[in-house]
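Letters are used for the chains, namely A, B and C, taken in the order the chains are written, and counting of residues starts over at 1 for each.
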Amino acid sequence: MNWLNDNVNMLALLGAAAIILITVFVVAKYIKQMKEDKSTGELAEENWDGIGEYKNELPIGWSLAFLGTIVWGLWYFLIGYPLNGYSQIGEYNEEVQKYNTKFENKWANPDEETLMGMGEGVFFVQCAPCHGVTGDGINGKAADLTVWGSEAAIVDVILKGSKGLNYPLGEMPAGLLQGDDAKAVAAYMVEKIAKLGKSKNPDLVAKGESLWAVCAGCHGQNGDGMGGNSPSLKNYGKPEFVVDVLNRGKAGNIGVMPKFNDGRLSDIQKLAVGKYVNSLSQ
Amino acid sequence: MFHWLERNPFFFAVGVFIVIAYAGIVTILPDFMNSARPVVGTKPYTVLQLAGRHVYIKDSCNACHSQLIRPFKSETDRYGMYSLSGEYAYDRPFLWGSKRTGPDLMRVGNYRTTDWHENHMLNPAEIVPGSIMPKYPHMFKNVADIETAYAEALTVKKVFNVPYDKSGMPKLGTLEEAKAQALKEAEEIVANMKSPEVKEALKRGEIKEIVAIIAYLNSLK
Amino acid sequence: MQPSRMINYDYTVAKYFAIAAIILGIVGMLIGVFIAFQMAYPELNNLAGEYGTFGRLRPLHTDAVIFGFLLSGIWATWYYVGQRVLKVSMAESPFLMFLGKLHFWLYLVGVVAVVISLAMGITTSKEYAEFEWPIDIAIVIVWVIWGMSIFGLIGIRREKTLYISIWYYIATFLGVAMLYLFNNMAVPTYFASGGIGDWWHSVSMYAGTNDAMVQWWYGHNAVAFVFTVPIIAMIYYFLPKESGQPVFSYKLSILSFWGLMFVYLWAGGHHLLYSTVPDWVQTMGSIFSVVLILPSWGSAINMLLTMKGEWGQLKENPLIKFYILASTFYMFSTLEGPIQAIKSVNALAHFTDWIPGHVHDGTLGWVGFMIVGSLFHMAPRMFKREIYSKKLMESQFWIQTTGIVLYFSSMWIAGITQGMMWRATDQYGNLAYSFIDTVNVLHPYYVIRGLGGLLYLIGFMMFAYNFYKTMTASKAIEKEPQFASPMAA
């Protein structure tokens, strides 16, 4: 972390140091006078309840410092944050633009390693509070991402249903298929639709194909989601699917997972999260 | 000259008053009308949301949560678009807060939902491990004060011309109509909740505080 | 003209307020310590149902110390100092005596109403202006009575020139009156809607950004006119009086006074930096905050220079220690505030624990110490007995000082850490920490802060005991001392 590259951090620390140093220095100066100096001066004629008053001149350091702050004020007023020229929104736009340009230049074509690193960073901040640092879902609080994308996870979805993705065809009810039927469809999906490799139950693939009609009603014969009417299962277990969830949100046990389509994450960051989440189950 | 003032308490007091009064006039008045103008699309709160806002105030949520997103990238990345003056045009009082013991809530309606709030209010530390927010079980017991909320809405409509009952704006109507409307809005929220206590109360026509505050929080976008 | 010593000053009302200050001080600080520990151990929120949560107790803490402890303390000193520097006894005017007592009893009624309504959650949500309109009206009446008492006493004074402390008391009266009235403008909804809902409920006259501007114009300057101005009134009387040293410079007093009055009211904008109030208001807030350093420091330096050559007194007399450390903390927090008001520093500090840290530098170190020191000075003269224990006073001083140091150092670290973590990004430009990360990291600092507050409270209890013993059991004194307060070892 480059704590000190940020001028706000820098100025805050300098300010904190200045508060202590200036106060200690000035008070020490007066304590010294208490020890060594003598109080002198011409007394005013009044006396209130025994309290007198000297007609001493202003301390010179105080007067100069007073003038100094006024000069600083003028500088702030005319040059630092010119009253008719400064806008905090303008400053913000510059900050964001500068950042975006830099980001695009640096990460225009990110390699795999960069994406994983970036995804991990976002995950820790945005996802880990509910899904846990390891992605295990903290005892059922949120989806267990260490199994997501696997055959077992597909079975789980078939048994429990899926809610909150907000596709036109609506929500997937729980328990469309049970037991071995669910396993069979999962096997078929792994091998033929999502093409995630070999199924753990290769002998069930054929049975799964015969049962696929249950799914095809919404997801389409080839599982592509019928042109955006339901999630494309071809993407299941791949980063693109995670990106889709990030954009759409998802209903979970403790509440709905928020959408990240409000500009808080850029497309590259979403893809990076997708890659990272995908890697958790592999 | 000053010594003369110190012998004349009346003129002394007048002098002090002038010196302290002018700054307020110079800083507050010039942009007063400008700052009161709403951004297009900003609507006044419905009666149920207003009742929820009263719960928010009653339990001083604003002591720990801000509703002000400053224009820094680190804030807009975390909470969404920075705040605009006109978005607060119907906020009486303003609830910007001065301390973020918890996160900003200016746009919490964009990323938290009814069921999340329900679980979270019952036991924040279970939903967010390490959370130091208190539990609010009493919000599930206390009944929201719809009448006072209606009285406030009616007052701002009459006194400050807040555009209730205008086209595209929330309807206020009579107290009875407003109560029926609040009940309808409450039903939509309670449909997404699981507390049997809250559900049964609603059947009796009672809206619990938790329902009202969730309506308010969901409206923060 | 009679010499002041021969006037028989009547301290009845001063005694009432002194006792109220001590009791309300204990209450306010106790709640403060409790809510500080709630932030470290959140289970403490659930001890008393809805009435025991941080949200309900926080306004009770701030209002109990500001409007309970502070105002009582200010009024106790007013009913003491006012008579003495104006050379007139309240006993000379039955009317003023009546007003003084009315002032106290009405104030107590207000305090009870405030405690009940805040515990019930009846609040306008505006910080330090939480009270609903019926209580606001009561407060205005109390305030007007105080004003009548000030100007009544001034009207019959024998000392024609007003002493510096009186300037500051007048400014307190006028400043708070103006701020309080404008900030609490509200429409009672029960009457405006024709009898619907709670009768005490009201809605603010201002909306959104304007409401925020008026509130922080009030909020900031309430600090000015309750935490600063009347406390300066105290130090200008009690330090020279206790030490017997003439005030260092009239010129410095007068420039500081008018400078403070002129500059302070502008600075409210610094509570709203980077908010939606117009940019120019924010910039003016920053500028005037920084210019404010010197008028504030002027009074403190004037007091430190008054003690030139008096190191012996500082070593020997614990009361002088209280006053000098109070001046030091006054300088410390009036430098801290302006630095936090610089835009770039505020970008980090705002919304973090550095701000409560700053507030408590001023309130514990400056305000608390001055009120304790002032009441200690008054006690032997009000009760005609010497202070019960100097030793106890010495240990109180060191315990409370340790408490303050723990408090502010932990809050500085917590605030700056949290501010930096909110801003921190990783190498890819992502936010580096989730919000809860920035809460969890603060736990140890919250514990230390709680302990610091607890030490301060323990010191304050020692003060209460010492004061009570002085009142009831200490050795009587025959003749009022001119300067240093008599105290038993």
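Simple rule for what comes next: contacts are C-beta pairs under 8 Å (C-beta built on N, C-alpha and C of every residue); 3 or more make two chains touch, one makes a residue touch a chain.
In this text the structure is predicted, and so the values were computed from the model without any measurement.
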Contact graph of the chains (line, ring, star, complete, other): complete
So the chain most remote from chain C by C-alpha centre is A
Distance between the CA centroids of chain A and chain B (whole Å) is 25
Dist(centroid_CA(chain A), centroid_CA(chain C)) in Å evaluates to 40
Note: chain C sits from chain B at a C-alpha centroid distance in Å of 29
The positions of chain C in contact with two or more other chains are 161, 274, 347, 423-424, 430-431, 435-436
Chain A residues touching 2+ other chains are 88, 99, 129
Among chain B residues, those touching two or more other chains are 71-72, 77-78, 128-129
Seen from chain A, its contact residues with chain C in the complex are 1, 3, 6-9, 11-13, 15-16, 18-19, 22-23, 26-27, 30-31, 33-39, 41, 43-44, 46, 48-59, 62, 65-66, 69-70, 72-73, 76-77, 81, 83, 86-88, 99, 102-103, 107, 114, 117-118, 121-122, 124-126, 128-129, 269, 272
Listed in rising order, the residues of chain C that touch chain B in the complex are 38-40, 42, 45-46, 49-50, 53-56, 58-59, 121-127, 151, 154, 160-162, 167, 170-171, 174-175, 178, 182, 187, 189-190, 192-193, 196-198, 201, 203-204, 206-215, 217, 221, 254, 258, 261-262, 264-266, 268-269, 271, 274-278, 281, 284, 347, 350-353, 355-356, 422-425, 430-431, 435-436, 439-440
Note: in the complex, chain C contacts chain A through residues 4, 84-85, 87, 159, 161, 163, 237, 240-241, 244-253, 255, 259, 274, 279-280, 282-283, 286-288, 290-291, 293-295, 297-298, 301, 304-311, 314, 328, 331-332, 335-336, 339-340, 342-345, 347-349, 412, 416, 419-420, 423-424, 426-437, 482-483
In the complex, the residues of chain B that touch chain C are 2-3, 6-7, 9, 12-13, 16-17, 19-24, 27-28, 31-32, 34-36, 57-64, 66, 68, 70-72, 74-75, 77-78, 83-85, 87-103, 125, 128-136, 138, 142, 145, 147-152, 154-156, 158-160, 175
The residues of chain B that touch chain A in their complex are 71-73, 76-78, 80-82, 110-120, 127-129
